[in-house]
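These notes open a run of structures that come right after.
In the two assemblies presented below, subunit A is common to both, partnered first by subunit B and then by subunit C.
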Partner chain A sequence: MSGTRLRALSVATVVTLITGYALAAFVAPMDADQGFIQKIFYLHVPMAIVALCGFIFAGLCAIAHLRTDDAKWDLRAYVAIHISIILGVGVLLTGAIWAKASWGHYWVWDEPTLVSFLIIFLLYATYTPLRFSIEDRDKQARYASVFAITAGAFVPLNFLAVRAATSLVHPRTLSSADNLPGAMRTAFLVCLLGMTLLYVLLWQYEIAHKTTVAQLRALKRRLAGDEGLRPRRSAAPELQVR
Partner chain B sequence: MSAAPPPPPSTRAVVGALLRKELRLELRTPQVIPAMALFSISTLVVFHFSLQADTVEGALAAGVLTVTLLFSAILGVNRLFVADHEEGGFDGFLLAPVDRTAMLVAKALALGAFLVVLELIAVPAFAFMLLEPGLTGTMLGQTVATLALADVAIAVVGTLVGALAIQTRARDLIVPLIALPLLLPAIIGTAKLLAPTFAAAGAEALPGRWLAIVGLYDLVFGLLAYAVFDFLLED
Partner chain C sequence: MLLAASNVLPDNAGYVAAAYLVFLALLLIYVGIMAYKLINVQRDVAEITELAERRLDTDAADPAGTHDREGTPA
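On to the complex of A and B.
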């Protein structure tokens, strides 16, 4: 994505996020039971939804990578998982704060949504170590894609399995969104949109950064020859730019 | 003038040949199964002391058996591709004009066979050392059914993860890190299925929902492994 479009997307993200959280803070009604702490819902739930969708998106990118053998799809999958993991840390932290406030414990084991999210997070946390421990770049990309596809298919299956151990403390996110009163629902949807935009924006920024680095290396190589660059081990995919 | 090349062998023949190779290797120099069996017994002893319990029942018994079998299985997964990687088995296989998925099927069957042998040792040992309610026919039948489903899950996912990790420099670290979270749905299901089986008041019926979930897990990961395994052998 070019500079001007990236700038437009940045502005749109900031505006949507500010609007969303202003709506959440000032317009949406205060929750009758939980009071102010319930406002963390507008941060926690969109982050969780976006992070999980990001994992599945990475799986789709990985399928495209194995089909086309084009390194840019591997880069897309890598960046998608990277940002989803960062959001995942946020989800676990905000979830723990909310759980302490409303259930009295930071962590509740018989709660399928928490547990399945933690399992998925732990699984994806091994993605970077896996990449880092494979030196050959082609092999690294291919194996990482196999991992991303397997883990992407695991996300819905895991939710199904863990949720089957029913407990109803945690609200069922997608089905209970319909029960929200109007103002809360609007605020929630704007926050969700803002979080999605934020994800896309960060994803675009990281792709732009990685592409620029690859171009810079290609230029350096042209100036100094191959000895000017020491090969370096990295978990990140490397684009070959001429 | 040259004779027409012989037709490539059928996948079934290839799987049979590979499986015979695996089993013969293990029979000639037993390496994986003794290690798994010894490890499972040691784990049971560790459980005895760490839980400070002479006998266990119900959910606790289910957990002890599941964890013991799972950790022992991880040892087998770690070793599954080592010989092929170090002694050139992969190269030989890739040179042969055969379907690559045959290796997935053969390795999964071999790992499944190792797991069955492991369970033939570990389950009686568990019943003898720790289990409170005595073994009955129903309990045995339900345990066999549950472990069969669990073995399919461990064999398929173990083969996939083993093949993924063998090319990395830190494979002994990578295998448990990836396999444990990936297997968790099957572990939850196994534990939920074994808990009523080991109930103190005699075995209760297996919950059908969990049978379905573990079965679904086996099916999904079986198909998934079949779809992606080729990419792990390309070189």
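On to the complex of A and C.
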């Protein structure tokens, strides 16, 4: 993505996020049941949805990598999982704070929605160590893609299984959004859009950074030969740039 | 002013503030890590510039190209 488009995306992200959270704070009415604490909903739920969609997107990139054997798809999957894990940390922490305020406990082990998200998070937390444990770069990329596809397929299956289960206290994610009154729904949708833009923005930034690093390494190799580069083991994909 | 705000905000506003601060903290940590990586990129660019300048100096001193440039720095 060019610098101009990245700048436009950055501005759009900031504007959408500020608008969304201003709507959530000042326009969306106070929840009759939970009161002010429900404002966490506008942060926690969009983060969870975007993080899970990011994992699925990584699976699709991994499919493209196995089909084309092009390292750029492996890089896209790697970065997508990386950003989703960061959002996943946010989901777990904000969820724990909301749970403490609403239910009196930071964590409820017999709640399927919470435990299933934790399982998905822990599953993806093994992705980077898995990559790091494989020295051969081709094998690393292939095994990581297989992992991303398998885990990516697990995400919607897990989501459906949790929806089919009887919930104890956690509201159902999307059906609860359907029941929102107009102002709440608008605020939620703008926050969701803002979070999606933030995800895409961070993803683009990291892709741009890793591509630049690969180009610099290639340039250094041309100028100084292989001895100019320190051999390093890394979990990140290696782009071959001429 | 803070005292006035605390009189207006509901009792459990601390939890909401904590949740949003967690999000902000995560973003700031991410930006901090990216800034650190950017410093590494700047260092690499400086190193490459130095290598390129050395290469140019070598070319200027030895226009016939008799000097072996493999494994520069010369």
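The definition used in the following text is that the second predicted complex is superposed on the first by the 235 of 242 C-alpha atoms of A that agree within 3 Å, B and C clash if a C-alpha of one lies under 4 Å from a C-alpha of the other, contacts with A are read in each partner's own complex, and residues count from 1 in each chain.
The rule is simple: a residue touches a chain if its C-beta (ideal position, glycine included) is under 8 Å from a C-beta of that chain, and two chains touch if they have at least 3 such contacts.
What you see is a predicted model; the values in this text were computed from it and never measured.
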Joint occupancy of subunit A by subunit B and subunit C, clash or fit: fit
Subunit B versus subunit C as contact partner of A:Ile37, first or second or both or neither: second
A:Leu157 touches, of subunit B and subunit C: first, second, both or neither? first
Touching partner for A:Gln204 - first (subunit B), second (subunit C), both, neither: neither
Subunit A as apex of subunit B and subunit C, Cα-centre angle in degrees (nearest 10): 120
Partner chain(s) touched by A:Thr186 [first = subunit B, second = subunit C, both, neither]: neither
Which of subunit B and subunit C A:Thr196 touches, first, second, both or neither: neither
Closest approach of subunit C to subunit B (Cα atoms, Å): 25
Shared contact residues on subunit A - subunit B and subunit C: none
Subunit A contact footprint on subunit C (complex, rising order): 9-10, 12-13, 15-16, 18-20, 22-23, 26, 30, 34, 37-38, 40-41, 44-45, 47-48, 51-52, 55, 70-73
Subunit A to subunit C touching residues, read off their complex: 21, 35-37, 39-40, 43-44, 47, 86, 89-90, 93-94, 97-98, 100-101, 202, 205-206, 209, 212-213, 216-217, 219-220, 223-225, 227-228
Subunit B partner contacts - residues on subunit A that touch it in the complex: 66, 119-120, 122-123, 126, 129-130, 133-136, 139, 142-143, 145-147, 149-151, 153-154, 157-158, 160-162, 164-165
Contact footprint of subunit A on subunit B as seen in their complex: 160, 164-165, 167-171, 173-174, 177-178, 181-182, 184-185, 188-189, 192, 209-210, 213, 216-217, 220-221, 224, 227-228, 231-232, 234-235
